[in-house]
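Structures are listed in the sections that come next.
Look for subunit A in each of the two complexes below; its partner is subunit B in the first and subunit C in the second.
Right after this comes the complex of A and B.
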């Protein structure tokens, strides 16, 4: 990161085990102040434990946690300036929405009127003014979600942690809340760490994303970086929808030509670390495959299945040895149907080359 | 349950069918009444019994033929309940309006005389009131002690600590003991000559300590024994409430920087309030009926006579059955009023909160 940027949060080599289960294994990442940072990975990868470590609910077995440059690893929960929205919302069931909002302010030296003012402000902002006297269990899922959010925001935390906040909502609400969260982030400018198993949420909201695997960060970067240059097959498979096609290959003697069942594929640069004859996996995104144009030499294949998604259609084609998925515009998809013979063109420059043994990218 | 099946039509009143219970009742009534007039009492007793059995059998056959198995299955329980609880209850209510002593043959209807005697008689009323006051004192003291100790024990056992499981069993044992056993324990503890309590106090004062020689000591001894026995009951109920609080609420509260006191009142307490109320209700009713420990420890001396023990003496030892029945109905009335008051307060709180 460049000079002059302040880190709001810094995790360094955090490990945590529950009995025999290892939740975090040397997790390290840092978040620049004011960033919307997405922690992305499938369930049980350690996202929640990571967030709980930041709040102080979990004491790590090893590693350090820094908030605003202060080591808080052994500090109590209070005073970290961190707030968290739980996946389960964790609203206080016996308090009204008003009291749920006011709760985090009650212990502070804030006058009744000021509390009242801030509760009403927060309620207005989250469109909950008409629900203040209700108990949480009488609210809809989306409203409960907003109450949970409001309870965290009302304290104006420097760092806001969101643990899969949209997982319990339906698709429409999720879409609305994504926009809402981005808007709130812009409005308050606090640092947000957003844990999600949903690729779309991570890509659409995160200014920066850390992809997690087995309790550690595999790769971090902007959405574009992760999409363009995945460091291994795991990240390549997680980012991008539909998923990247993988083709088995054997490295040729000059380390630029790869033998595959689809013929020779030439990489855009010489892969120095590869050994001649080494097994490799070639990845190509469905959007980098197209139908061969007139006069172009394509790979003969049969159309297997069409999955229309509206403006684009995912087409599965069978080359005889591989099944590949490609994305074609809706207009092109109307002219084809399953069983039809066709010819496809793979853009050789767009191939990602991974070592078959480790899954790491080869350069 | 299933409706009447087409194969078993409802029989006419005079149709002779095994499941015609209306006919069975009719015949049973006529035969019983006739036998009471015509036969000696011993024979009439057995004939009436046989008629009751016949009616019961008709009901059973009827239920069976109509596939009313649910009713059939609960019938034994209801029968036992009726014979053991409801019938004696009504019978004693009836007795309270008669002048009757269980060791005498005569019985005479006297209306409300028993009640006026119990409540206003210049000789009996003061004694009854004094015993009722003693009972109220025991209710307040034992229930308070049990609620406090039980609650604190529950707070302790809600946390995890080494040997918790074994300690929990140990703490629960008093509740499972027979009251007689517990009473005997404590009468030994409190014994002036060789009791533990007296022994320890003698170490300091050099003199024998007679706990039971004044009212305060006697009451304290009984209250302590009762609290020792029943605090675990309160603890069990409160513990059930404490463990039902979702852990994430405490985590959210920790992040919201809420102090322990506020956390207890707004998060924990709502989960245990209903159970506390239940414990209070059970223990109050039980304490109101306390006689066993008093009999075992003081025999009602030194101002520890409770209304229940008084009742046992009147009804069982002095054979004043009707008067005893009247006292027990006054007690029942008080308990019902008290419990409804509790429930009213509890319900109003739940709605208001």
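Right after this comes the complex of A and C.
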């Protein structure tokens, strides 16, 4: 426990296979108490299995699960202090909202009056007081989501696991629920592990994010760290919207100059690990490309397509050899039309340099 | 709710919300088709109120009243309850006290044997189905198939070994024997039906209950079972109707005391040497209809949901 921080959760080398499918391959991460931790990765990357391992619903083939410093790898489900919101909500369809809320408390043998009090508190907090006598299938998607959340919160868990909780909601509701979840986290201060395939959700909600690939964590860090310093092309491609532009390049002999079809690009520092002549991929964020100012030497290109997003516009430009995407303020995009010739400027200091063979970042 | 409810809605017949009612033409057409199906039952019910002479008369007398002279007298019979009294007691030709026909007992037997064996099959079959659905064995499907093969042979083929088994074990003519047989008879169907209902349930819901602190047994009783109530009702009714009407096993394996109504019916009709007593037969049949009719009627909501379970995406 370094720096006096307490770990609510530690996973160490968890592996799990189903028949021939490997769901988790040495998954390790830890979560500091009270953090909002996002587990980010595309579907079938092992996020759900990871969460189910934490709950005890899945027994890992190997590895160790610690909750609050105790090894719970083989411990029963109850007593872990973990609750989970399922992607499908998994509400009890035959019980009313009231009974859905009361169920975990009844299982804990809590007295009737206390149950009634807590159910009503939870319902008020989630604005469900008028729905208590309804059955789940008569509720809207957003209400069902809140019932699922309430049922998980009512036990006052130390750790709350959320498995793609917003995937089944429409866009507007998703936005509201993101704010709601953050508010609940502030209010209760519990540790949250939030699995999501949605980059925006991960970045906007996670205080810390672990990017998963093939059942293991590729990189973890704050949203800024992942955005600024992706460890490989996989992370670089997943974090940031629109996605990073990738340009094929060849390492020059002094390891600072890279030859590309767009001309020479000079990195901000010498790439010591590179071999001269080695193939590399240079990544540049769409926001680090702009139109060249007057008198500036830019790269001649043609506007291909405009995607207005309100305050900004995503512009695709064709340089003749590469198609690059750039983000420009809406005001700068009003003048341009597809087919028009232009000149763009790439900020050489903002390039991310990856080894073409492995996709790892080069330093 | 100020919406007028028809008598049918009060009786439990409801139409699905958001569905508009069919027009008169379609309703009439459906009514005629239904009448064709229902006609035999209707004739039986009418016949049960006729005396033997009226039952045999040609042209048939099918109206209990002449509707204030609208119907020619040739088609009108005078309804009587005589058949119903003679179901239970028979006047002696030699005079004296009426003799008990034993049908009160046979009705009790039918109700008792059918309901106990169907309920037993439901309990055992539901547990087995849950096992097959949630804790599959190696070669699960083979076991399920083997269970079904027991129903692939006609009863007449398996009756001889069963009679021998009953004779050796002394189960012939006992309640225990016929109840055990009917339970076994109902099990394959029950297991298959209930397994399909359990297969439909969301596993996430059960996992949620486990996370909420429920043990395996509680998950079954408090989460899974309540979700398949419609299935239980449907399976119960189908099993009940099959067992209620079963004739062959009952004929050969029940004794005088444990005889069921279908067997007694065949014997009551055949006996006497004075031809078939149609009125009496119809009265027995009408009485025989009533119990299953009511069970089905009261479970009809569940029944419909049960048979359409899984066909509609929730």
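Definition applied: the second predicted complex is superposed on the first by the 360 of 363 C-alpha atoms of A that agree within 3 Å, B and C clash if a C-alpha of one lies under 4 Å from a C-alpha of the other, contacts with A are read in each partner's own complex, and residues count from 1 in each chain.
Everything below uses one rule, namely that a contact is a pair of C-beta atoms (placed from the backbone, for glycine too) under 8 Å apart; a residue touches a chain by one contact, two chains touch by 3 or more.
No experiment lies behind these values; they were computed from the predicted model shown.
Peer 1: Under the superposition described at the top, does placing subunit B and subunit C together on subunit A give a clash or a fit?
Peer 2: Subunit B/subunit C on subunit A - steric clash.
Peer 1: Of the partners subunit B and subunit C, which touch A:7 in the superposed model: first, second, both, neither?
Peer 2: Neither partner.
Peer 1: Now for A:137: first (subunit B), second (subunit C), both, or neither, which partner does it touch?
Peer 2: In the superposed model, A:137 contacts subunit C only, not subunit B.
Peer 1: According to the stated criteria, A:188 is in contact with first (subunit B), second (subunit C), both, or neither; which is it?
Peer 2: Neither: A:188 stays clear of subunit B and subunit C.
Peer 1: Which of the two partners, first being subunit B and second being subunit C, lies in contact with A:345: first, second, both, or neither?
Peer 2: neither
Peer 1: Which subunit A residues are contacted by subunit C in one complex and by subunit B in the other?
Peer 2: After superposing on chain A, subunit A residues 52, 55, 57, 77-78, 82-84, 86, 88, 90-95, 103-104, 107-108, 151, 155 contact both subunit B and subunit C.
Peer 1: Touching subunit A in the complex: which residues of subunit C?
Peer 2: 202, 204-205, 207-214, 218, 223, 226-227, 229, 314
Peer 1: Note which residues of subunit A are touching subunit B in the complex, please.
Peer 2: Residues in contact with subunit B: 52, 55-57, 77-78, 82-84, 86, 88, 90-95, 99, 103-104, 106-108, 151, 155.
Peer 1: Could you please specify the touching residues of subunit A with respect to subunit C in the complex?
Peer 2: 52, 55, 57, 77-78, 82-84, 86-88, 90-95, 103-104, 107-108, 137, 151, 155
Peer 1: In their complex, what parts of subunit B are in touch with subunit A?
Peer 2: 246, 248-249, 251-259, 262, 266-267, 270, 353
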